[in-house]
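Letters A, B and C mark the chains in the order given here, with residues in each chain numbered from 1 onward.
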Amino acid sequence: MRALSTIHTALVAFMIIVTLPVAAQDAVPPAPYANVQLPDPAQEAKAEALMETLRCLKCQSQSIADSDASMAGDMRSQVRERIARGEDPEAIRAWLMERYGDYVSYAPRVSETTWPLFAVPLLLALVAGLVLLRRLRGRT
Amino acid sequence: MIAELGLVALWLAASLAALQLVTGALAQQVGGDELAVLTRPAAIVQGLLAAFAFLMLLVVFGQTDLSVKLVAMNSHSEKPLIFKLSGAFGNHEGSMLLWVTIMALAGAMIAAIEHRLPEKTMLATLAAQAFVGLGFYAFLLFSSNPFERLPTPALQGQGLNPLLQDIGLVFHPPTLYVGYVGLSVAFSFAVGALVTRQVTPDFARIMRPWVLGAWIFLTLGITAGSYWAYYELGWGGWWFWDPVENASLMPWLAATALLHSASVLAARDALRAWTIMLGVVAFSMSMVGTFLVRSGILTSVHAFAVDPERGTFILALLAINIGGALLLFALRAGTVAEGKRFSVLSREGALVFNNVMLSAVLGIVLLGTLYPLVTEAFNVRVSVGPPYFNPVSAIFVFPMLAVMAVGPLLRWRQDGMQRIGRPVLIVALVALLVLAGGWTFASIHLLPLLGLAFSAALAIAAFMPLRGRNLRLLPIATWGMVAAHFGIAVALFGMASESAFSKEKLAAIEAGGSADVGPWTVVLTDVVPTAGPNWTALEGQMLASYEGGPPIAIAPQSRNFWAPPQETTESALVTRWNGQLYAVVGRETAEGRWQLRLWWKPFVIFIWLGGALVALGGLLALIGRVLADLKRRTVKARAAERRAESAA
Amino acid sequence: MKRWTLWVPLTLFLGFCVLAGYQLTQPKDDFVVSRMIGKPLPDFDLHAASLDRPALASSYFHDGKPHLLNVFASWCIPCAAEAPQLEALRRRGADIAGIAIRDRPEDVADYLTRYGNPYSRIGSDDLSQVQLDIGSSGVPETFVIDGKGIIRYQHIGDIRPDDVPLMIGKLREAEQ
């Protein structure tokens, strides 16, 4: 067991940190494309954009693009390899969502459980418009 | 002994808060003002006692008194003194004591110096402040006693999370706390004004410096926190829309709206109910944030001492304080007249627009943060992250920025298009030029492109209120506004540029090898072990040169702390005027190469420079307002003297 | 402003309180449940992770009998903790196939000598590919696979002694 896992603990608002559980991590070198970019910059950009929106399953709330966890590395490698094979980023996202549900994607899609996420902003825009009309119209 | 002194001071402070509440509340009744003379002194002594209790906590941490449970749990004798002291508020109990202390000191200050509002409103305000304070005293004394002793002293402390052993984080928590708690003053003023139905421009003028003060600290806190996450997490990200980050952003959004609506109320006696509402909402957001973060009901990258009992306590406080204030609002706000009217094309009109947009953004951040909790109640787990927050908030942010560019040019009450037509045209042209340029010459995504265009336009627009004015006679507060709005433009430019132009290089190289990222060439000369007071590290020694220029030595580290055991990455940064090189050394690969992560981030530093400028703008506005108040006071006092003289 | 609009903030706030209060009473579970339950086990063909057990391929699960599929690793502490329970399951007739995640043969061998070897076969998933494919998000996890190779149940985390009857029950269910 070479290294203790790095649990990256950012904290921006409050400083209440306890000693984090120290989990073990494996000694196997990272997957081929975990920390290696694709040679084609266009493909790498696609992979990068996708990785930033996939959730690291082992971490608290980080994308796989910003995690040291080895599983995140394996997921990065999968993403890059699939992109290199010409798969569409959204197909890769769908493949992961088929396995882990909506949780794995930071980009919520409209579904029967998530529609309020999209309806509420619309409603807000509507209410904002109405409030502004009422507040601002007819005032001289 | 010292811990016991602290505890006694805390109990005494709590009893004085009770006295302050009772006397202040009784004064609202007819004939209840006999005891009212006690309210102000009670507030002042309460503040001093709370500060004394906090000082005692600093002392036990400074001495590493391991018979105190909190010290044993969160400190360690082998730690630099500054981190021992910061450990005092780097935990739940200590930070709550800090919270209470700041709140009590703020209460003491208004009790000591503020005499402009009707005394009844002031007493109601102080009573409200005491009510909120009492809840937190109860929390500390009954469920989070920071001075609790261990039956037998610990042999050694468990240490402070190494990520927190950073100088930035010594100042970060108190900064944010001053911000959160400063909003409690606005809250108390709002409640006081509702109780006595005295929602006047004077009320807004008196509340404004407190909101400004809190807002300055929130701005600094968020800016510093973002920079800390950027260099400490080691992946070059500076904002993750993590629940805990959102918890600090939401009070800022509410306070920003409050600041502007209070200006309308102070200058034009309009937006009365709306300002009261925002006063309540701003502090609610501080408390909601505290609750979300400490109850552990949300999953965050930021780790917390999570305890459902604490969550229950905070939720109860939240329900009583905020629920009570909102109930009072619902019952009373209808009787508060709406105030003066104004036309669409006026300073007030622009401010109302931006207030509504800010509130909408606040609503979206709140929704996105809470939504995973809603679905979890139905056993569905979802994640809401940057792909949601960025575009959805942009729908409201960009219109707001557009109006923000124009608003300061408008006159109060009513203005004509012909007067501001030309500056608006210039600003719009700048934005369009950047848009067109970015569209044709660089393939930039829509949001960063809009960000670049708006930042350019806004940077120019920020200075337009200075046109045709005698700069020497310009009020300091106006300079503050210019600086803050320019700061927003600067920060926006940094964000857009980071997003549009960053270059990333991941490389596995041997000592002696090199890698290129953007205009930089980085040579890894060696990797050597090194040690600090409570850590050991592998240090990557590198030479970085910009476009073949002279090499600059940098040394990112991968650190291993032993108390508690944890690994952290210390990134190395090279800052130039046009961007930052960000280097991280990772693990050794099987072939004996070293994993390097390198980024070239053009103009990234503008994000935090902009934040600092916004805070500076706030500071100027605060100074300007306070000076103007003092002047007004002296003028009034002189007039009163003269009147007294002529009467005599 | 209409009177009723003044009640909107309070209503929203009470909604928040109800939600927050409800969530406080709920145990926080951070498990990410696999969506592959009820679906066929994806195809895979892993090389052997240890010298004394054969390799593992998905075809192994199509023999008409239910199996347990245990995802583990030698570097995982809870995995060692559940080893006695796996042994108990084996003694009660369960066939346990293992997938070692990101592991080296020597480490696996060492782990098996130390904590026992309840596995009939062990495949080595060096890049967590199979783990990702079956929707497992950590180690240890144990899946119940029926005789047709359909994933029937997922147990997340280590199997505690009182989980053993549950796992046996799930295996029985998978037999039908």
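Quick note on the criterion: a residue touches a chain if its C-beta (ideal position, glycine included) is under 8 Å from a C-beta of that chain, and two chains touch if they have at least 3 such contacts.
Keep in mind that this is a model prediction, so the values were computed, not measured.
J.: Any idea whether A-B or B-C has more C-beta pairs in contact?
T.: When the contacts at A-B and B-C are counted, A-B has more.
J.: Let me check something: if the centre of a chain is the mean of its CA atoms, which chain is farthest from chain B?
T.: For chain B, the chain whose C-alpha mean is farthest off is C.
J.: What whole-Å value do you get for the distance between chain A and chain B if each is reduced to the mean of its CA atoms?
T.: Spacing between the chain centres: roughly 25 Å.
J.: Approximately how many whole Å separate the CA-defined centres of chain B and chain C?
T.: Computed value for the inter-centroid distance: 42 Å.
J.: Tell me, which residues of chain B touch at least two other chains?
T.: Within chain B, residues 299, 374, 381 contact more than one other chain.
J.: Scan chain C for residues touching two or more other chains and write them down.
T.: Where chain C meets two or more other chains at a single residue, that happens at 32-33.
J.: Give the residues of chain A touching no fewer than two other chains, as numbers and ranges.
T.: Within chain A, the residues that touch at least two other chains are 101, 103-104.
J.: Show me the residue ranges of chain A that touch chain C in the complex, using the header's touch definition.
T.: Those residues of chain A that touch chain C are 1, 23-28, 31-32, 57-58, 70-71, 74-75, 77-78, 96-101, 103-104.
J.: Which residues, counting only chain C, touch chain A once they are in their complex?
T.: The contact residues of chain C facing chain A are 32-36, 73, 75-77, 101-104, 107, 126-129, 131-135, 137-138.
J.: Taking the complex as given, what residues does chain B use to touch chain C?
T.: Chain B reaches chain C through residues 273, 277, 280-281, 284, 288, 291, 295-297, 299, 306, 308, 311-312, 315, 318-319, 322-323, 326-327, 329-330, 333-334, 338, 370, 373-374, 376-377, 381.
J.: Mind listing the chain C positions that touch chain B in their complex?
T.: 1, 3, 6-7, 9-10, 13-14, 16-17, 19-24, 26, 28, 30, 32-33
J.: Under the touch definition given earlier, write down the residues of chain B that touch chain A in their complex.
T.: Touching chain A from chain B are residues 89-92, 95, 158-161, 163-164, 169, 172-173, 176, 221-222, 225-226, 228-229, 232-235, 237, 240, 242-245, 247-248, 289-290, 293-294, 299-305, 341-344, 349, 352-353, 356-357, 359-360, 363-364, 367-368, 371, 374-375, 378, 380-388, 392, 395-396, 414, 504-506, 508, 560, 564-569, 586-587, 589-590, 595, 597.
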